[in-house]
Structures are given as C-alpha cells and as structure tokens.
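Heads up, there are several structures right after this.
Below, subunit A partners subunit B and then partners subunit C, in two separate complexes.
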Partner chain A sequence: MSPRAPFALLLAGAVILSGCAEEKAATTYAELEPAAAVLPRLTKSQYQHTISDVFGDDLALPAQLEPDTASWGLLAVGASVATVSSRGVELYEEAARSLAQQIVAKPGRLGDLLPCTLPEAGTVTCTEALVARYAPRLWRRPATTTERDRIVSIAQKAHTAYGTEAARAQYALVALLQSPNLLYRTELGKEGVLDAWELAGKLALFLWDGAPDDALLAKAADASLLDDATLRAEAERMIADPRFARAVRAFADQWLHLDALDGLNKDPNIFKHFSADLGGSARQESERLFAWLVIEQDADIAELLTTRTTFVDRRLAAIYDIPAATDDGFGQVELPAAGLRRGFLGQVAFLGLHSHPVSSSATLRGAFIREALLCQQVPLPPSDLNTAIPQPSETARTLKDRLLEHMSNPSCFGCHHFIDPPGFGLENFDGIGRFRSHDNGAVIDAAGEIDDRAFDGPLALYDLLAESEAYRRCVVQKLYGFANGHRVGQGEYGTLDRLDDAFAAGGRRLKALAVEIATDPSFRRIGAPGAK
Partner chain B sequence: MRMLRTRPVVSRRTLLRGLLGGAVVSVGLPPLEAFLDAHGERYLPDAWAAGGDDGFPRRFGLFYWGNGMLPDRWTPKGEGKGDAWALSDQLAPLLPLKSKISVVTGTRLGIPNAVPHYAGAAGILTGRPVIVQGQDETFGGPSIDQVMAAKLGELTRFLSLEMAVEGHGLSYNGPNSQNPVEKSPFAVFERLFGVGFTLPGETPIVDPSLGLRRSILDAVGEDAQRLGTLVGSADKQRLDAHLESIRSLEKRLAKLEDDPPDLAACALPTQPEMAYPHIEGRPQLVLRNKVMAELAAMALACDQTRVVSQWLTHPVSNVLFQGASAGHHQLTHDEPGAQPEVHAITVQCVEMLRDFLLALDKVQEGAGTLLDHMVVLGCSEVSLGKTHSLEEMPIVLAGSCGGKLQTDLHYRSQGGENTSKVLLSLTRACGLDLPAFGAEGGEVKDGLSAIEA
Partner chain C sequence: MSTIQQLLSVGLRVCLCLCVALVGCEADDGGGEGANTTSKTTPDPKWPWVTIIDTMGFTRQKPIGVAPGFDLDSKISGTDDTSTCGKADLTSPDGTPGVDNEFAKLVPLVEASGIGALEGLIQSTINDGGIMLLLQLDDLDDALNDDEVILRVRAGAGVPLLGTDGLLLEGQTFAVHEDSPEVSTKATVKDGILTVTPFDLKLPLVVFGVKYDLDLRGVRIRARLTENGGMTEGVFGGGLTMASILDIAQKGAADQKNLVELVMGVLGGAGDLAPDPVTGECTQMSAVLAFTGVNGYLFGEPATNRDALQP
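On to the complex of A and B.
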C-alpha cells in the first residue's frame, strides 16, 4: 500500500462517504457478525516492546526493521494487509541474530537462559527449559512439542559447532526470535472464539503494545481469562499499568500521523524558526499532550481539540510566542486565553505537517481533518486535469481567496468545497504554525463552514469539531480498528453504535473505551474466512 | 573454470575496516598476483558461469525520480543511431555517456490513469494497473527490479539493494509487499561491507554460523508453512510469500557457504559519513547520490547483489531542490508559464542520473566496464507533471547488458507503443525468459526490437 499521505491528499474529486453513519436503533443494536480472522504482523513498536519486555530495555534494538504501512489510516490495519517483503525477511533474520548475541553476552544472563544445575547443564533438557520459559512470552503461547524439538536440535548443532553453552542458548534464541509465531498475532480460535492464549496475546498487544506478563499468561494457562469478569479485571489492571502509556502513544502516532513528522521539512529562508529537529519536538509535544489527557487527566477526548494546556520545549515556545516553562527539555504550559491557539489543531504536528515546505495549505489541512478526525473519505484527486490554483492577484491575494477563485470552476468546486473550508479556519497559522494576521498583505478572514455549519475563526472551529458526533464516532472507530487490526465491517456497526453510546454517556473517556473494546465480544469472536 | 584477463582500476590495497562486535579490525590484502595464474590470467569462480557470454554476470539497475519532466525540452533531436541524434536541453548532462545510452520517446502506458502519479508509477514499474483499496493504493505485481531480482538475485548474498537518496522507494514484491529502502549511506556500507563481507583474495573463513542460520530458516519456514494451513486463503498467500523469501535467503546462504564471490574489480569503497545534514533546508542530493552510486557500483562489482535500485526522489515528492523557490511537486502544478524552475529541477535529476552511471562506468571489468555488463533503466512515473500525463514516457537506458541492447540510439515510437515493450526487452536482455510483461492494458508479449541488439 502507499506510504501515508502522498497520494490521496492533494486536490479532490466528488463523492462524500461517511465512515460510520449507519442509522441506529433507539435501544437495540444490530447483532454482531464477527469479522473474519486476521493475521497482523507485529508493528515495529510492538516487536521492540516485546523484546524489551522479555529481555530488558538495555539492548540495542535493530536500527531497521520491516517498516509499517497504513491501511485505512492505521498501521494496525496495514499490519493485517501487508506481506513481509524479501528485504524484510533479511532484516528480521539480522535482528534476531544481533539480539540473541547481545542477550547471551549480558553478564550473568546465561544462567537465566539455561536454568539447569550442573549435572543437567549441556543436556537437551536444558534447552527444553529455555523454550518452555521464553516461548509463552515471545510467542504468546507455549511451543508445541514439534516446535520445541526443532529448536532443541538447532541448539544441539550450535553446541557441536562452537562447543559452548552460550552458542546453544544463542541459537535457540535466534530461532525463537525469527519465528512467525512471534512475528504474527494469530486468530485461529476454537469454534469462532479466540482461545485463552490468543486472547491474552491480543490484550497485551492492544493495551501494552508489547508482551504479556506472567500474571496474564497464568490466566491464559488456566483459561480463566475466558471468564467475563476475569477478563474485565485484567483489562482494568492493564490500563492502570505504566505499560498502557506505550499503547496510548502508539495509538496517537497512528491516528494523528505523528510518525510522518520525522520527515518534516521547511524552507528556512521563509520559516526562520525551522530546524532539522523541529519534527521530533513537534511529535513529542503531541504525544505528551495526548498521554497526559488520556492517562493523567482521564479527560473528555473533546479536550484534545480545545485544551489550552500543552507541552513545549524552547523551540516550540518560540514558534508559539510564549515563554518556555523550562530551559531544558519539555515543560507544561497554558496557552494565552486571548490567543487563537488550542489543542492538537494549534500544534506544529498538525499545522506544519499538513502544509507545503514554503506555505500553508488549507487543502492539506482540510483533508486531514476530514479523513483522520472525522473518518470521512476524501475522494481521489483527478488525474488528467490541470489542478493549479490561481496565482495571487489584486482581487485574490490570500490563499483563501485564491482557493475560492479556484472553486468558481465547477470541476474544482465539488471537492474543494468539501475539503478546504475546515482549513480556512486555520489560515491564521502559517506553514510552520506561527500566528499571522495577514497573508500576502491582506487581512485573513478565517471564517468558513463545515457540513452546513458556519464558524467564524479557529476557536469556533475547534469547538464545532470537538463537539461533533462525527469526531466522537471517529474516535471510537479508530480505537476499535487499532485494537482489532481490521477495517470496520458492516456486521460490526451495531457494536460500534453500542460502544459509541457508552463512550458518549461516560464522558468520552478513552481509557473506559479501551476497556469496553477489550471486553466486548467483538474482541474475541471471529467469523469465517471472507466474512466482512 | 573460465579464464579472463582483468585489470582492476580501484586500489586493491584498501584496508578492510569492518566493525566486529564494536572493535575495528584491519586486514591487509595480498597483492593482486595472488589471484592470477602463471599467465597473468585470473580464474573466475563458478558463479560467473551464470553470467553472459563473456563470463560477467548480468546486472540490472533502476534510477528513478519523481514528478516527470517537460516533454518539449526532453525529446532528443533526430532519430536513429550515432550522429543521427543529438541530446535535448534536459538530456544534455548525459553527453559524456552518449555512446552508452539509448533514449526511447513516444511510448505510452497502457493502463488507466486512476490515481495521479501512483497509477503511472505502477504502470512504468510493473506494467499493471494500480490497485485501489479504499483510501490506499498498491501495485498489482512486482516492480521491474524485483522481476529481475527473482532471477538475477538467486545466487548473491543479497537478493537486491534498494537505496533512496531522498524519501522512499517503490520496490514491490507484489501487492501490499513493499521492500524498505536504505536511506543512510553509512547503513548501506555496513550492510554490504561490514561483518560478513569477504574481499577477493582473502582466505574464505569456514563459518559454521552459515549452516546454523540455514537450519534456523528451515525451522522458521516450517512454522510459516504450518501456520499457512490454519488460516484463510488471503493470509495463506501472505505466508506463502513470506516462506518464499525465507527459502530464497536459505538458498543464498548455501551458495555463500560453498562459493563466496571473488571478483577482481571488487574493492572496498570509502566509508561514508554518518550523516549528510540538510543545508538551507535542502537535502544534499548531489553528494548523497554520488556516495550511494559508489556503494552501488561496488555492491555489484563485489557480486554482493546483481540488482540495484536508486530512488532519487519519489512520486509527489515535495522536496526542495537547490535553487528552487518551492517543493518540486508544488512547482509542477503551480509554476506558471514555461515552468523554468521545473526545467532546472529536471536537469538536476538528469545530472544525478549521469553521476550514477559514471560511477558504474568507472569500474573496469575485463575489456569493458561494469556499466557495459548491465543495463540501467532511468525513468519517472509521468511525462508532464502538471497534467500527470502517461503519454511520452521518459525512458533512458544505459549499458548494453553485455551487447544485448543497442546503444547511442534515439528511438522514437510513432504509434505510441506500449511502454511495457521496453521493459520486456530489458528482461530478455538480462537473460530472463518471460512470455509477457504487465497485465491488462499494460500487457505486452513482444519486446521493442529496435532497442535490442
């Protein structure tokens, strides 16, 4: 699939599709038709967290791994669609070898890996113990006898070749780390329901973005996790654990396209505040705000678009024209009440990324708001049309006026009328996110309308979006897709309606939504192959 | 054993500096004479027998830039061979290599222009229509570099090498299976010439880890195969592709074990810098391209791989070129008039294609050069960026693949022939025996005989 953004975000065609606008019944919900099983490959961050959960966080993780690609705006969904590339197989092999070598080289580690007392050391039993101990955490289930014996025989060969116990442990680990049993999350199930191991693994990847711990594995081993109350208690325990923050960040990265910030580039002759590490700062700001709102504040998700709180370093503070809270690193600040900057839409991570290297773009910003925040599909841009927007003129000096002139052409109107207006509301921020009152010498008029509701300026736009049903339902849809690794199908609309109603009634809190998604039957049940 | 006279031009005295467990190891090379027999001729290892008639392996290179060109200033004057044609404004930088290149103009992609840029990229690289999945797009089959790698890469340490000077690449194994690109020259160097690399003339070290790695891949493959029997058909296909890549790696390791490459032209390239920071918000494209070209040349000369793709920029790239007032893609749409800035950027792209080719041509192999023993396809996804046109596709071919292709030729297609014909000819020149290339409107069963030798 295409790497995020470049192809679908330019100018646009005509069809407006709503992502989740099924009519819902007043009190009853359409019965779940479970989606077909998926086989997501672990994302890069899930792989890395799994390694550090099991072996400690002092390993040099592989610099390059098979990259994640998005599908339907989420890497978690892309992971179920993408096929491991030929280079990816080489990279996983290199990673496994490098990690195993480091793990075995850690002082005192060998005794852990091969937990055998002397008379048994060097025997087959010893490698069996290694597999019995590490397979459940790395593979999220125990190894079968066949799988175990294969690893034992490899370890034996390594011992023969090198004559050391370290080699035995090292090659057993290389085999464990490269296995598809680690690289893929399986949903084989029994009679249409995930088994306890698969459920535990899915929970750990969703709520911790990493490996299950011993407590969770114990509940898989005795199958008590299949009991509703136990499952809910585990989910509650997991969101209270510090590892939940990793999942929250991973979700923010995917939903808000924060991973793309590493490539942020601006012309420094035009944007004097640009520096090569600005993208990294901007990503941190948005991740910190998101984690703070969700975990520490347990806030209404509307606040993501309306809060005056943010976290800045000196570089971002200069762009926002506010004092930095600290000289060193990031500090929490309140944006001025009199200003127009609020929440995520007032951050460089949004304003700078969805702009050109030399100017702002109401079109790119509008397309992101439609697609990512409202789950609306922006049509593909036309292929054979000249899509140039008019040059500045006496009658159309600002970008907004030029785009309005562009829309006077009927073949441009259909899409631009849909895409650009939310972007008009943010024209008071330039291509890097600095406040401006004028564009090309003319006063900016940041009024617009979105889905027939007029707004006058950015503050009104934030409120309109934050309180909209489309935004709320989009959050539910995105977190559901993140948890389950597939595109939402029609058979799940009733489930989404129910989750959405609970979300709305509970004050739109993401933590509670995560628990509801994890304990919902849709998290456990799988349909026949090919089911939608 | 084949015998061949060789004359390495690159220093053989280079020290091997590989990072082994963090320590720098230096190994001096034996003098060249050690590789030669009594008559000053050199034995070629068996792997070379899989190459062309002259004993040199066939290789393929792809050089890609995004956002097209300006057809009016691209198309050469005159048609035919030698003096019958002259380079155009935009192709002028290729003058030093004119005798080794062919330019094909007037062809068109036979696939629908369903998604701007991306349809063209899928069309030129796979000959197939782009697959649109909701908001996402993917290629319908392997890109030309991977078509070539499936055959040419069978015996080398790496199946293929993908490098991006700026942005990302579009090397696909098949739908939804995209090869990651190396963006750091330093990482490319480490991968190719760090641990696991043997310079010609070094005594091959018996490495038991190669056999163990194969045993592990075998076990991993069995896990993948078993899983494949338990999942739905779409996921089985994904696992089958994964399994195939595992088997391919296993085979290549086996080859390394019994016959490591040993080529005279091979020498260690200069170790690149750790980073090449932007200057004035502009990436150092020219320098990065040159450094990567040197690495590509030695990757091929040392037979670490036989397929290289160099992605200068990607479709829709909005990178700031030297001297440009806005991003490349934005300029192709919004620059008014004759688009002098777009023209200047296209010339820069062709200059960097020239630098890439010169690095390959510098490596002497037998009576010819590395470039003579391969073919490089230079292309983009559209002709005129402004309208995303799929007519008049830009195609530069360099090298004759050991005499299988014409050089110093401008072939102008009069009837708007399908661009896939060029790609089919390239696969045949490289020794692949494909009955057809592409699918649907992009499918052709005949090559372009005018460019074949």
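On to the complex of A and C.
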C-alpha cells in the first residue's frame, strides 16, 4: 500500500459520510394523508371577534353563547366535534337579534347598512347591496343568489310589517347573523382542496381569530390566494397585523387552559392571598407574557418556560413576593435571578389552577405537563379505584412522601409513577403559587424525573422541559391542531415532522411556525370522509 | 347617653383612634403564609422590603399599675412628681418600674363606651390606608445581633391590598406618602430584639377622609426580628403632644364645640411628659402601641431573592 493509501481511504470515508449528511439534509417526509373534512363551529372568541371586526367594537357582545368544549386540550378541536344544544340555538338567535338591533340603532348607521340614496332606499336592490357587503366578511364567502334572495325576502316582509327602513335593515342583519354560514366553518373544498374563499376564511380564523378583511377577500375573489407566494405574503401580512395578537391570545388560552382560570377558587382560610379576581389576573399575566414573547420578542418558545420576565399586578406581585412595577394594573417585572420561579410554570395560572382548593397537587401539575406541554396521553384512573392519597404521617409528612407511599400500591404505581414526578419539581410552590421551603413542617425535596431524565428542583425541570424534543414537537402539534381544528392524525405525521424540523431550524419561533402551518399544503387539503 | 359615652363618641373616637399609634394591644402572630419559608439567619442587607404595620390595639393595665411600655423620661415617678404632672409611672409585666404609658389608664373609659367598635375603626383605618406606617432596616447584617443598624420610618400612601383574613396582605408593594416623614435613627439588635434611639415623628393619617398629623416625640420601638429581618410584632411608644390632640379633636368634632371641650377635659389633663417650664403643664401624653407587621416592598425597588433561600 502506498503511503498515500490511508489518506485516500480517509478521504473516501469522508466523502461517504458527507454523502450521508447530504442525504440526511434532504429528508423525505411521509406523504400527507389529509384528515377528513369537519364542520367546526366558531369558538366564542372567533364569533365575537368576527362581529366586532365587521360592525365595530362598540357593540355589547353577547356574554352568553353555547359554551366551548375542549378536545385534545383545544377549544378549536372541540369546536369540530361539539354539537349545539337547543339552548345554544336560542342563545345564538338572541345574540343575532340583539346585535342587529344595536347595529341599526347606531346614529347614522342606517345609511351605511342600506348603501343607497333616497328615493332608492328600501328597494330590493338596496337590500341586495347590504347582503353583498356584509356576507363575505360574516360568512367568509359571498352569498349565493338563492341565499341573497331569501334574505331580501325576509327584509321585505319586515318592511311590510313594520313599515320602516330600519326594520328592513335589521331583519336582513338578523338573517345574516343567524345563518349557519356564520356559525359554522364550511371548509369542505372541491376535490380535496379548499377553494379560495374557504382558504381565506380559515386563514382569518387561524391568524386573526376573526373575520377576513377586504384585502384578503379580494385575493379570494380573484383566486390569487391559491398561489403559494400570494398565500405566504398574506400570511406574513396578517401576522404583522395587530389582530394577530387575538389569535395568539386565543391559542395561549386554549393550549395553556387559561380560560379555566375564571373559575379559580381556593380555600380562603388557607390561602390568604386569594381573591375573587385572582383567576382573571393570573390569566392576564400569562396572556401578556405569551403575547410579549411571541409577538414583541419573537422569542424561542423555550423561553415560555425559562424567562424571568413576567407581567404582574400588585396582588400577583405579593404572591410572588416581589415588588410590583406599578400601582395601576399590570407592569413588567424581572423575577429574581436567584429565585426558583421562571416562566409559565412559575405563574399562578399554572400553579394555582393545577392544584386543589386546599393544597398543591403534584399529580395535577404533572398531568398538565405530560398532556399539554409534552402531548403525552395520561390515562384516566379506573372508575373503581380509590384515588385518595394517604394522610400525613410521621414517615410521610410532605405531599411528595405521601404520593410515594401511595405508589407502593401496585394498582396506583403505574399511573402515578408516570404522572407525579414532573409535579414533584414544583412542590416548592403551594396551591396558590406562593413559594415555600417546607411542607407540613418538613423540608421539600423537589427532585424528580421525567422520561428517565432526573432533575433536582424547579430550575432544572424548566430547562429540561424547555430543551426537550417532546416539548418542541408538542408546540407544533398544538398549533397545528389549533389551526386546522382537528387532532393530528397518523396521515399527518410526515407533515408534522417537516413543520417540526423547520420550527427547530428557525429557532422555535411561533410566528414563523404559524406562517409555515398556514402555507403548508396540509392547511388547504382535506381528506375523504372517514380519513384519519 | 352618659357623659362618658358622649365623650367617647365622634371626636374622642377619632382622637383615640389616632392615639392608638401610641397604644398597644396583645399582638397576634402576624406571620402570614410563607413567613417561615426561610432558614437563613443573616439576611441580605440589600433586601429592600419594609415592614408595614397591619394591626394596632390598646394595651391595658393588667393588673392595675402594670402595662407594657418604655421609660420615656428616664425616671421613676410617683403621684407627687410635678415633672410628670402628678402621673405615677407604671410597671412593665417583667417588673421593670418607670413605665410611661398614661394612655393605658384611659382604656377603661374607652371600654365603657364600646371598645370593640373603636378597635374596628382603627383596623378599618389601617385597612383603608389611613394609617400606613412603614419600617425599614438598613445595614442589617445579622438578624440576631447587630450593633449598627439604621431604622427608617416613613408613611405609605394608597389603598392597601387585604388578605382573606381581612388584614394587610404580606408581600405587597407600597408607595411612600408625599408628606411622609423621613426619619432615620440608629438601632441595635440583641438576641433578635430590635431597639432604637428615640426619635420624633410627625405621621400623616387619614380618618374618615380627614387628614391629621400625629405629632410624636421621643418615640421608641422594641420589636422582635424574624430570621429574614422582618418585624412581625413589637411595641412602640412616645409622647403625643397635647397640641396635636387638640388639633385632632377639633378636626374630628369640628361641628361640636362642646364635644371638643369634653374631649380636652379628659385628655387635656392626661399629659405626663415634657412640662412647660412656665406653666408647668405637661405638653405630652405618654402612650404605647403594640403592633404586628407584615413584609412588603416599595415601588421602584428591584426584585429580590427571598424565595431563593433554600433550607
């Protein structure tokens, strides 16, 4: 062998390795098998934003509507499977009547609603103009001739009965607002692909949590939205719009279960810092942090779990035992560098909600981490199982000790061994989120493990979760589910992989991920009935 | 209504409410949730939290002749002492003579008129932010023994947050009153007990929307420090100037001249300190306040690391 032979071999090896690297870079993803079309109902916030987008934000929006239902932890997914109760139908009807009445009663509004000059006012053409103007934004598509004629007919009857132009406009609006075309997202597509109107509507609900604007509708009307470059440009325009903040808030509310905070309740004899408005404050804190990270900072989503920045009012600051920034509302503060509180998992919204009214709960906290942050399935306890944990004793004084004792029962071990250890890492925070070093007089041991990785204390837990692949992929899954209104199906795993890779490569930024999801073919394609 | 009861209505109630800044009660354990969450003996001197007084109440003679307090005039006086206008000193519960706490002798009068309502008034005044006394320790290196500490006394402003127990919430943030006194006085800590060099204090108070200035002379404080440098209970006392009592009575019962005269009839003769060199009248009344406090913060201070303390 010549002296150069080893070098040549090395070089050949390097080429082969290099080739492997190139092959890896050109990862092929499993082909998309789109999920079957669903008929999602607008969530409450989507309904309200749609109304205010179209008619202005000075209306008294209906406080009571059919409650949203979560599925896979998301209201957007629940909206695809939930039905409307008969009471819900009544509520939507009442809402339509109330809104139409308010809109018509606005000073000078009638001329806007019936965009005709007298003596034409009141003609059929005038009502047609009303429908032509408002249906696309309310229904996310123009009304068909048949639909338009029905509304014109209703309006004409109202005019005949009441003899006023206001009645004509009001009943035309009631018909528009009561239509299933407003309440339901008809994203059925043609030949497995959404048409331009459906795409525009879906885009608006995903990125604005509300109605499409005229610019977006124009691109639907000329079908230019179906062009990839145009779609991307629109998505980027939309995330730069202030209305994107609503969608970010809606996603945070759903993913992080913030909507449940309005019912936060604690035993006032145990938690002196509790107040009736604490849940609302806690929700605001988390929403503000999330919006700040995603919109203002365009931050790595890992920071949701690790940041020292938060937004507190005086009561939350008192709970965190830090100075408040302002006497009036919320102010931005930095949590102490040497403290154990960081990010969302250090907030009352998480610590208080996922606890019992009288105590902390490593189990509830662990279950949230598993399900919402890591997208892992937590089994429900068997119905005949006694889930009560042992009372404090000399040998088991802390909650952790008692849960470990509970796990000694083989029928409890399986689930609790999976669920509780992540929650152990947060035992330094009591049931309302106040720091504590002791539980029941004993020093708290906040060590735990998650997926065979041990951690010692909350700071290590935050870091471990924030940098985990499971968390990153879960963010992608949740936003994908939020955008598409269904749980990720098997046929979408390849898409998910591709989105996840792009997410990781782009620094785990949610804004970029939202654009990728909106412009991904999976956003437009729908499967045959029964597809998974 | 009896004369005494009349006396104790309106003007006197306000007066006594304000005088409570000089009177004591049995201190509750003010340690809230998390109060014992630290085990560090030496607090970080940079920690900026303040103690806000959250309860005040009356000390009583128990038994007659015995009450908590301070020897404000450095003498043991009997009824024949003209420098105390004939007011005999009390003895502290531990047997120390020379305690100046003249106001404790008036407590039975107050009780005769419904002490509970008055104490409720005091508490509601604290809860409304009408009495907001902020105590802050600077240069504290050791919460058990430290010879060189500075106590800062200021008045807070704004509406305090209340806990579910109806008392000021621990850990909240306060603004300093625009008319706050800026008192700094030397203090020492021995075996966890803080004592201070006497100081004068003009404390702005608001009762029923009326602003008063409580003029206190030769104020002393004795308080037990927690391991993290907070003050959960203590007493302070001093001489309440008779001029400020008159001012308070006049403002509190402005439309009832007779009542003012009655109030002064009782309190006006209760002075036991600082005799006027010309008239011989005592210009101050000694009183002692027992208090409980909770830790809080001031706006504009950086976040601290209390919850970082590990066992």
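Here, the second predicted complex is superposed on the first by the 506 of 532 C-alpha atoms of A that agree within 3 Å, B and C clash if a C-alpha of one lies under 4 Å from a C-alpha of the other, contacts with A are read in each partner's own complex, and residues count from 1 in each chain.
Just so we're on the same page, contacts are C-beta pairs under 8 Å (C-beta built on N, C-alpha and C of every residue); 3 or more make two chains touch, one makes a residue touch a chain.
Keep in mind that what you see is a predicted model, and the values were worked out from it rather than measured.
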Which term applies to subunit B and subunit C once both are placed on subunit A by superposition, clash or fit?
fit
Contacts for A:Leu61 in the overlay, against subunit B (first) and subunit C (second): which applies, first, second, both or neither?
neither
Quick check for you: in the superposed arrangement, does A:Leu226 touch first (subunit B), second (subunit C), both or neither?
neither
Identify which of subunit B and subunit C touches the larger number of residues of subunit A.
B
Per the contact definition in the header, classify A:Pro268: touching subunit B only (first), subunit C only (second), both, or neither.
both
With both complexes overlaid on chain A, does A:Ala337 touch subunit B (first), subunit C (second), both or neither?
second
Can A:Ile319 be said to touch subunit B (first), subunit C (second), both, or neither?
second
Would you check which partner chain A:Ile154 touches, where first means subunit B only, second means subunit C only, and both and neither mean what they say?
first
Quick one: classify A:Asp327 as touching subunit B (first), subunit C (second), both or neither.
second
Answer with first, second, both or neither: which of subunit B and subunit C does A:Leu404 touch in the superposed model?
neither
Minimum Cα separation between subunit B and subunit C after superposition, in Å, equals 7
If you lay the two complexes on top of each other, which residues of subunit A touch subunit B in one and subunit C in the other?
268-269, 274
What part of subunit C is in contact with subunit A in the complex they form?
32-34, 36-39, 48, 158, 161, 163-165, 169-173, 175, 296-311
Subunit B partner contacts - residues on subunit A that touch it in the complex:
1-3, 6-8, 10, 36-39, 63-64, 66-67, 69-73, 78, 81-91, 93, 97, 147, 150-151, 153-154, 157-158, 161-162, 171, 174-175, 178-181, 184, 186, 188, 263, 265-269, 274, 276, 356-359, 371, 377-378, 380-389, 391, 487, 529-530
For subunit B, which residues count as touching subunit A in their complex?
113-119, 132-138, 146, 149, 158-160, 162, 167-168, 173-180, 182, 187, 208, 211-213, 215-217, 219-220, 222-224, 227, 230-235, 237-239, 241-242, 245-246, 248-249, 277-278, 280-281, 314-320, 325-327, 330, 333-334, 336, 386-389
Which of the residues in subunit A end up touching subunit C in this complex?
268-275, 314-315, 317-327, 333-341, 428, 430, 434-438, 443
